[in-house]
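A single structure is presented below for examination.
As written, the chains take the letters A, B, C and D, and residue 1 is the first residue of each chain.
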Amino acid sequence: MRFALSDDQQFLQKVTDEVVGQALAATPARSAATDGGELRAALWSTLVELDLVALLVPVEHGGPGGSLTDACVVAEVLGRHLAPVPYVGTAIAAAALLRFAGGPPAALAGLAAGEPYSVLLDQHLADPDGPDGPDGPDGPDGSVSIAFDWVAGARGVALSPDGVATTYELAAGEEVDDVDLLHRLRRFDPVPAAAPRGDDARRARAMAWTGAAALLTGLADGALATATEYARQRHQYQRPIGSFQAVQHLCADMLVDVETSRSMTYGASWAAEHAPIDEAMRVAAAAKAYAGAAAVRVCETSIQVLGGIGVTDEHDAHLRLRTAHLHHAAFGGPDAPMLLLADRILEGN
Amino acid sequence: MRFALSDDQQFLQKVTDEVVGQALAATPARSAATDGGELRAALWSTLVELDLVALLVPVEHGGPGGSLTDACVVAEVLGRHLAPVPYVGTAIAAAALLRFAGGPPAALAGLAAGEPYSVLLDQHLADPDGPDGPDGPDGPDGSVSIAFDWVAGARGVALSPDGVATTYELAAGEEVDDVDLLHRLRRFDPVPAAAPRGDDARRARAMAWTGAAALLTGLADGALATATEYARQRHQYQRPIGSFQAVQHLCADMLVDVETSRSMTYGASWAAEHAPIDEAMRVAAAAKAYAGAAAVRVCETSIQVLGGIGVTDEHDAHLRLRTAHLHHAAFGGPDAPMLLLADRILEGN
Amino acid sequence: MDLRDSAEEARFRARLRTWLAENVPDESEPAVLAERWPYMRAFQERLYRAGWVALSYPTDVGGQGLGPMEEAILSEELGRANAPTLLPLGHLGRPLHRYGSEEQRRRYLRPLLAVEEIWCQGFSEPEAGSDLASLRTRAVREGEEWVIDGHKIWTSYGAFADYCLLLARTDPDAVRHRGISAFIVPLDTAGVTVRPIVLANGEEEFAEIFLDGVRIPAENMLGEPSDGWRIAMDVVNYERGAVETGYLPKFARYLSELGEVLTASGLGADRAARLRLGRVAAHLEVLRMHCLRTLSARVSGAPPGPESSVDKLLMTAVEQELMDLSIELVTDVGSPGRAEWFDRYLYGRAGSIYGGSAQVQRNILAERMLGLPRQQG
Amino acid sequence: MDLRDSAEEARFRARLRTWLAENVPDESEPAVLAERWPYMRAFQERLYRAGWVALSYPTDVGGQGLGPMEEAILSEELGRANAPTLLPLGHLGRPLHRYGSEEQRRRYLRPLLAVEEIWCQGFSEPEAGSDLASLRTRAVREGEEWVIDGHKIWTSYGAFADYCLLLARTDPDAVRHRGISAFIVPLDTAGVTVRPIVLANGEEEFAEIFLDGVRIPAENMLGEPSDGWRIAMDVVNYERGAVETGYLPKFARYLSELGEVLTASGLGADRAARLRLGRVAAHLEVLRMHCLRTLSARVSGAPPGPESSVDKLLMTAVEQELMDLSIELVTDVGSPGRAEWFDRYLYGRAGSIYGGSAQVQRNILAERMLGLPRQQG
């Protein structure tokens, strides 16, 4: 047992951090909300060039043969910098679905080459026991229509009713007005789809959940860094606010959330790929449920420490909180992982 | 509109506080757990002599003709002092059931004269829409067997299936091992019973909920007083711990819980008795749900402020927490009031 | 205890209901401030003309000579009638009334209450948020004028205001909250620049005010020199009370909307959702009862004290809990209304920051209500 | 990252499982401490004889020369086999091993690990709880002896112990945490009185120790004079880590029992209950993963530092959340098992107090991990 990043992974982390950090120092992340896709495209091609987008694409399809842990390292860095790229949707969720659920080889090769793929969200399918069942309000029984992490020209990927990853042209469609301003959703004509029930599809789901957890951990870490930096500099009552116990304890609670999310996420990054499927699902579910709730909590607390400026449009704090909420809700909603964990325990009795 | 205790009620509060305070200064409340009923009986006869037990008994049955607000004033003081007497069960819940649900006049007269009455708990009946429905594990459909606030010689009161308050001899029975060490539960042979569905029975339920809320508010207030007193005196790091912001904020949160519980409880003490039945139920439900959760929270926080001594057997902090949990759970469980409130909103749509 | 209307209160309520039934506009509140402001202002003018504004102010300054109970009934009935939100400016009349000279009251109070002149509050500064006493804006006496330089922030509706009740340091040698005075500053004076602040939810109701050599007549000081802190604390305590803010009816409306969301989504029978909804409903009842108690205490006429921090913390907690619930219930990405609920939720995060952060409110309660020893350092 | 057992670890786990299958007692853990203590001790002695105790200690002192991974596997497998709780004494061997003289290690370490001699920890005092540095117990050198006077509290299993690792002030002029030394005190020495503390749940696992002119030989000091604080911090950091405490398997067992309660009560299909259960299950996975990470970091041999406060806060939060869940699920008064769950819940309230209160842990993280400016005063 070795629970630590390898030297290679630490190098990957450092390089990604530098590249993304430099890009966003030149052009702030928020500009992606209004620049017509320019920053997103520029950053994406950098990631493609560095072969970071193809990490989960097998070598035989042109990928560099990376692990889910590698992809999580990248996702965490992207979350920390609030990078406006469709990494979780394309490089993790779509790649895993194509790879494990028998997607067309050409699609994997295209993904490795930098073609964008967008996962069609199955939020109404993911909780087979939920009150909605597989029949959502968006269309006929078992259909999906919302593309996650959509960019212009992206093809859609969904699990078709026979349990095979299938790609779709996403020609038309309309922007969806959700909460995240940096990661886009688009509504298309519904296509038929199935809940992830087979082992392969469940593996892909576990990997998507873990990828989201990694991004969420990064978001929380960035929120913590912003808050502690501010708490050191901002003075009230003639002292730095970070010397007040109330502020210190808010920051300490954030640190606990970040470090424990990180432990959970990297544990899941191994298990979701390598462990037997039931264990993979269990651990990935815990990562998604925990990191999602923790990231929302930390982003909220960070705003509290920032005070007035934290609730303004010009500060990134709300962009971070928005991205946290979207990823907390993605891939089946926030409740699905907890219900899965509960049912494991109840079945055990 | 006048939201304040009258001069008479303030006098009642003062007298009760002095009498109970003196009695428990001489013999600590905790001794009631082991003294075979001696303290409980002594304190009870004091309350009977002062006509505090009969407050809800109408004048024509020998009562002093008090209001539910009067009874809540007494219950709050008893809670603050952690007095080991069956006041909520006998003087509020049983009295209200006998009075509103057509109980035998002799029973009301007996109660006014100091005879003990114990409410047979309907925790399995109170939530008609709950997963249990009216069929609990304690006996056949619609039966109750646990006497709340039982003392030796008490008669039981329950709502019989025709919706009328009925009294029972409680000859045999066995002690129930629950969490509260000062308020007793006893299990008897089941008797048939109904959920409080008619307006009269619902009025009695609203009054019982409000009485419990008053006791819970007093418990929380006592826990707050204990914690702040300790925080002023206890020194660590060469200063009173109450000068640390972390401790101050714990105490401030307790104060908010206490004051808001108090507002809710006294508001309910008027509405449960006088408002139209739907409003009475709604307000009493809010009081029970809120004061119960708040009292548990405050008693827990008080223990945190007390540190090590707070978790010892010899300190009263756990007795207080225990009593809070019992009253939070009594009269239908902690969830029933919240479900009632939710259904009001959902029916409105 | 008696929660019933007195005969007089009941008559007042009945009259008010009749009026509201005929006068609440059919079109609902615009989401965008630029349209919402005239909508709110027009309704408030109509309310004033009909005698429903400034109920608890004396008649000689344009009020109705009634009490806080009538204010509470107004707030309740406005909510029940789904009326436009009131401008939260009533609390600025209090200091004018209490500390103003005869002449100032005559000149300013009636136009303020009549919504003819809009007022705002210039307290916070970039370096003086929770720690208001560290404010740096200064006013220097030059002959018959005060010359003011500084930078105010978080001024509600500053972009729409005609006058600002402004705090500035007049005695640079006095420590902290001593040496602060209050001024009446016409915002069309040369040297004043107002710039809206855009909040995370797109709201522009706050503004910054820059003051660069702004000259106002000497008589525009409110109260005596160094009364500024006392005046500010009065305003802040009023502001913290829930009653005058119209929050209660708004929250009730939100809760009812959430009930509709639940019913529409088929989750109405789900026990988890019902428990959460019920918990928030209970908290809303608590807020209502606590406001009634606060109101009753105000009948004596005494201004609110440190206990108003309980009101503020309660109000914030209820708002945030309500908004958290909305985010829990409306989680399907892209589901209709999700973005609007999210905006309300974002706005709710500000509740524990403005008007003194939740941390400052707890300090006040610990030291001034519970008598805990002062924090050291 | 690789969460699989290495070949060596897998062999170790297999051997252990076989042994546990044959050696875990059939009768379950007695609820009353007077019976539980001999039950726990007997099992631990059996474990020791079979070579499963002190896995990560060197062989020359009675250990097995293995690593923290094997300790973790042991903890996991004990839980899976529903074995008796281990005595939480392992962390007291660490300071003996690290700071003890050749002679002290030879004399004390093996009997400690072999459960032949029971040790306890004499750190806290009535006036020195979270603020350990304010301890008042003093040791005065008289010839070849130290004379100790003082009063210790919250000593785990003090009533069963033979030796106490005790902190006392040896330099009355030094400030606070300087001037504190550590001693090995045989509890049968004249002048020692041990009195059990009864906890709210009836547990008697803690004790007070009164020391009245207790004379011990000079060589019973551990480490150098004034090493006491350093030694104490080592112990405390070990104590805060979840791995050596056996909590993880216990929590997993509780959660599984709560699943049974749910199933039995017919609430197994209730979404509200399932969500709560799932939330706690997720937290338990987090605790497991975080422990694995902590363990991996310890492979280097470095003793834990301030980051162990994360472990402690996490462990406390998970325990309290689990116990809150039990109280939420078992609310019918008088229902079977409610009193037992309540006792566990009460015990859980102590988790945020002992070993440094949650407030102290947060101070440590804020100042030592996040580098926030020191609290003033």
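Following the convention adopted for this analysis, a residue touches a chain if its C-beta (ideal position, glycine included) is under 8 Å from a C-beta of that chain, and two chains touch if they have at least 3 such contacts.
The model shown is predicted, which means the values in this text are computed figures rather than measured ones.
C-beta contact counts were set side by side for B-C and B-D; B-C has more.
When chain centres are defined as mean Cα coordinates, C lies farthest from subunit D. Centres computed as Cα averages put subunit A at a distance of 49 Å from subunit B. Centroid to centroid, with C-alpha atoms defining each point, subunit A and subunit D lie 38 Å apart.
Subunit D has its Cα centroid 39 Å from the Cα centroid of subunit B.
Residue positions of subunit C with contacts to 2 or more other chains are 270-271, 275, 359, 362, 375-377. Within subunit B, the positions touching two or more other chains are listed as 131, 239, 243-247, 249, 335. Interface residues of subunit D, counted against subunit A in their complex, comprise 1-6, 9, 69, 72, 255-256, 258-260, 262-263, 268, 271, 273-275, 277-279, 281-283, 285-286, 288-290, 292-293, 295-297, 307, 310, 313-314, 317, 359, 361-363, 365-367, 369-376. Only residues 121, 123-124, 131-132, 136-137, 146, 148, 176-179, 185, 187, 235-239, 243-244, 246-247, 300, 303-304, 307-308, 310-315, 317-318, 321-322, 325-326, 329-330, 333-335 of subunit B touch subunit D when the two sit together in their complex. Of all residues in subunit C, only 270-272, 275, 375-377 touch subunit D in the complex they form.
Residues 1-6, 9, 67, 69, 130-131, 228, 231-232, 239-240, 242-245, 247-249, 251-253, 255-256, 259-261, 263-264, 266-271, 274-275, 282-283, 285-287, 289-290, 335, 337-346, 348-349 of subunit A are the ones touching subunit D in the complex. Those residues of subunit B whose C-beta lies close enough to touch subunit A in the complex are 244-246, 249.
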